[in-house]
């Protein structure tokens, strides 16, 4: 043991030459590429471009098939309107999928919350703003329950949300008695609940507040995910939970916050859904879960977590919307619409995978 | 460079003492355990026991609630009968989940195949045995398509089967025109299709061939998974695909064989389902996907692949069957049945996780 | 003495079946019957109904009331029930063949469709010849109610419906298109929007039920077209009748699920007491629980009742 | 380094640490002491419990028994974050990097810099350019890296480069103790040398370091004391000047009885 | 070892191997030669492309250009299975074990033994007891393991023990060439020594071995020839008797110009 100025002990002798070692960085000449490979490379650098290109392509194709009506600002704004609720759910779903989870209960939470808001305002006479706030609280609570089971009891998200989906659905039926609350009743008692159904005309387009809300939610989530520490933590824990934990992130706390936020976004979606359908309808949106997942994966977010931009699911929802609307305008039979959506899902993700691969 | 008898070069000198190093194996005294911990330990050694215990517990509880009728051989054999189709699907699902995949299309394949068999035999007049064989072929093909997309195009199984679910469902509606084929028609033209609906009486119990088929399928899969190289490869690739590939397994070939086998098992399930419901019903079993997944996870197979015994899903399916039957017999409202099944899923898996954890 | 009975409905999420259940529960209390209720999880969930029938047999019930999801496929298991001495009554939806049940208490769905078809035709008068019709159906798998109402409406409107068992095989130019709504507001709205995009001149809208009609109305309102379009529907639930009153729906065919359930329970009591089976309505092979057209703007030649009477008999 | 005279208080110590994994007892009443400003090497056979020991000290696992003292005061770390907040920075054997995130993101994981002013204070907006600049500086300082792009995802780096990022992170942010679990295991000769220099650098800033390594020449070159771990406990600690490598290896493998003093 | 006189034909060689990962060229026209019965060490900086080289030789990655020759004949391995069937056995840096499976299962992965007779031939039934027995024997032979239960899942082993299993597997089944990518990186002193002895054992059975390692003393102790890899190509090969460790390190890091001959 020596004092602070001790002479360093001997290195192994073969290490003595290291001082002279090369410090250049390796560099290699790029190889020749075919056009396809160049395109692949270009897109690889900007993976969010992929869904955008798929979107543009499908708009062009359906425009060609369905005629100029398809391109009208009115029709395009209608598509935006139609995807607004699924888009909001896709935003919530993206958060969960980024953490390498999956939330099968988003649709059920959304409908449950719309029922809660409606019953509070109409049957119990709670002032609408309060009903909305309570609805938000319940949404956060429902998400929090999922998050608790995932983080504390350490159950796989798939199981938790498969179970809670049934639970929320049962609660929905119980609270609503499977009865809708009519549009006219809402107009009288609680017009606030229909707020997001109102629209502003911009040229020929009719943009509902619901559509704007969807865009706003995506914008806020984009900011949170990319420009706050919380967002970086969400990505890190989705990427590799254990590493994230070891590198000093309170992963459980972050994870539970993700589920709560997702629940809250679903609750906002519930409010928006009342505006969209005009009434409080406990039977609507039964397909919403799978549609939201489809939008997320078409949008290029990896089901394994940690990869993908939140802008993707927005585009993904629009692609699904364009497909649905386009197929219907062209007059394709409902049955073959199902068929086409099935292939769309597979092909869109296949293109995405191909882009991400870069060279065989 | 020296010849074959060269003297070995010098080791680093600190390594010279190694010859004398201790060769005992480390051993530690076991710590004191509470009763709960001991039970946990015992079950940890035999994880398949967990679902068995849950099953026995639920039989006892429902027996107590629903009275002696519940224990009658007739009712117990009825439960076996009722779970037979879901059980067969759960067997197919287990295979896929063991490879760390998931198959959302099992139910759709099964119904599609029952429709194909029925249409061939009834509308086209194909002899029933041939219709059954063609049905098997189509099942394997449908599974093979999933497998191809998963292995060759390298898409996540969730996406592939989400897409193919829509595709198979559309084909089903197209082929059947959403029309059932009546029981009487089958009796006349193709009684073979209803074979698995027949039953033998054992005491008061009525065991259908379909129930026996389910047990036989599980037995065969158990043998394949535990006593053939193929089975080991399935576990290895589900555990860690890259390692399996590097340790010399043709993972893609194995993976595709898993999907084909799963498709074939679904096709067998399709045949059994005709016997079970008595007719060819294109609208049946819409919930079958999620129920099969529930049975698999309650049975203790990890959604992350590579872990769990194929016996588990059989027990899992029985648990779900006992729950459904018990809740009905107790007279619980449908709504609260949903609620209870939701919690069952969560709690059964939570118990399983707890057992597997062993000490905090 | 108390006897057991079962009510098996298609789902628990449709107010029609919820009301039917409430009616049956009330009747059972009055008639000292121990009623168990079952339902499929989603529309078309046939397997769950089979299991429910089996549970009923196992529990030793005296009678089963069922609204079948798959009217053909349910027959074998119901035969088992009848063989076990259970009275099987089909509610709302007839089985195929209809005599697979001991009795059928149902709305004539084809007739319900015809009534609104005739009404719409009469309302339009001469303009009916170049009407533009939107058909808002139930699901892609087109269960029998879906077909009967759809085809009934077209028949009543004077369209050549070709195959009576098939939706969409008509080639009448007046039909703008068919779309599915899943029988709820959201589906109704989306389907209406899409059909309007195909042809904005639509002036007659057929809807499978009143929630779908409410959704379609929202879409029309958003297009500022709610004034000139006739919406017709089937069901007669209280919110639906209120919507007729408010002018959302022009006319709706009202059915009586509570009656069906009440009569069903009554029949089971009678069967248990003295072994009598209910009889059919004269000239029909089922007991018609009746259907009435509800509207405040009656059309000549089409029998109808007013909204006030409709309200007094509505079910939800 | 002055633990020769009046033994100073250890910076970090563990007493009677026990950690069981089912039937395996990874730590069996192990003790540990790290004195101010020293490089303490921890050596031991595979499976001796070295990683478990440092995981316990850095809050990554919860102990079954025993207590941890930081500057004499008992502490209980329920997560790595707690340990980090107390100034203990660790390079784990598994590195604990997020493969899909950039080098800069990884370096600042869990201690991100915010923008100055409103954006940072109220919107909690991150200072991406600032973090990138600092990350580049730190890596250059270490001279460890031949990395072209600080925004490159960590998964695109070679194993050695990744280890470099993890080491750089710990060295840059440790304020009280830096713990390194086999930091040179996957590194080349040149890169290992850099890490050893780095360790000495950090020590010369007065920070004590725990170094787990199987490389005896490295251990004997840099360590002030050597903690020999065997069968889940501390067998003894020795000074490299008092014993030869052969002795250390003999103690560690059980070929020789351990000397008296701990 | 006789490549001093009339140079014999190499067992395994590579010519002009190229492998690109996106913008990175991991192998840049690299050559490779392994002669019968020799231990060939491959050394190089982190990221030099050593792992890529051996992955190419063992069929784990597909080459963009170049050819591989096995005993002079061009071969093309489309998967690790092909290489294994040709007698090339590899220990990868990542070990390639299935964590949830037992030690015995892992050792026989992809070459399971079947029961004799009907059960094996027609039912293709596995001979579990036979495989367990052989696995136990092989591990004992190596003396590498202190494993109590051959049916233990690999995930319950320490990092060092796992490496032992992977090495044992390769040594037991290789018939023509054994390749080891940093087999001692995570191993303790004692365990490393065993692996080195094992390597020499395998060589003394006449089988050539490729050893990638960053540990110069080990390399110089066991290697017959040293392949120095730099910037994706073979810089040169040297004999440990002709050059010192310092020289090798200097070549490898670019501190000295490489000698002429390959």
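Things worth noting here:
Each chain gets a letter, A, B, C, D and E, in the order it is written, and its residues are counted from 1.
As a convention for this text, contacts are C-beta pairs under 8 Å (C-beta built on N, C-alpha and C of every residue); 3 or more make two chains touch, one makes a residue touch a chain.
For each chain, UniProt lists the protein as follows: A, B = ABC transporter permease; D, E = Sugar ABC transporter ATP-binding protein.
Because the structure is predicted, anything quoted here is derived from the model rather than measured.
If you take chain A (ABC transporter permease) and chain C together, the chains in touch with both are B. The greatest centre-to-centre distance from chain A (ABC transporter permease), using averaged C-alpha positions, is reached by E. By number of C-beta pairs in contact, B-E leads over the other of A-E and B-E. At the far end from chain D, in terms of centres built from Cα atoms, lies C. Averaging Cα coordinates per chain places chain C and chain D 72 Å apart. Centroids built from CA atoms put chain D at 39 Å from chain A (ABC transporter permease).
Residue numbers of chain B (ABC transporter permease) whose C-beta contacts span two or more other chains: 12, 14-15, 18, 21, 24, 26, 170, 173, 335, 338. For chain C, the set of residues that touch two or more other chains comprises 12, 42, 140. Residue positions of chain E touching 2 or more other chains, listed in rising order: 24, 47, 146, 189-190, 216-217, 249, 253. All chain pairs that count as touching, in label order, are A-B, A-C, A-D, A-E, B-C, B-D, B-E, D-E. Within the complex, the chain B (ABC transporter permease) residues that touch chain A (ABC transporter permease) are 149, 153-156, 158-160, 162-167, 169-171, 173-174, 290, 293-294, 297, 303-304, 335-336, 338-339, 341-346, 349-350, 353.
On chain E, the positions that touch chain B (ABC transporter permease) within their shared complex are 1-4, 37, 60, 79-81, 84, 90, 92, 94-101, 105-106, 109-112, 114, 123-126, 128, 146, 148, 169, 189-190, 193, 200, 217, 220-222, 224-225, 239-241. Chain contact summary for the complex, chain A (ABC transporter permease) toward chain D: residues 1-4, 6, 8-12, 14-15, 18, 21, 23-26, 223, 227-230, 232-233, 235-236, 239-240, 242-250, 306-307.
Contact residues of chain A (ABC transporter permease) toward chain E in the complex are 12-22, 24, 26, 28, 30-31, 41, 44, 358-360.
Interface residues of chain D facing chain B (ABC transporter permease) in the complex, by the touch rule stated above, are 20-25, 28, 47, 62, 64, 216-217, 231-232, 244-250, 253-256.
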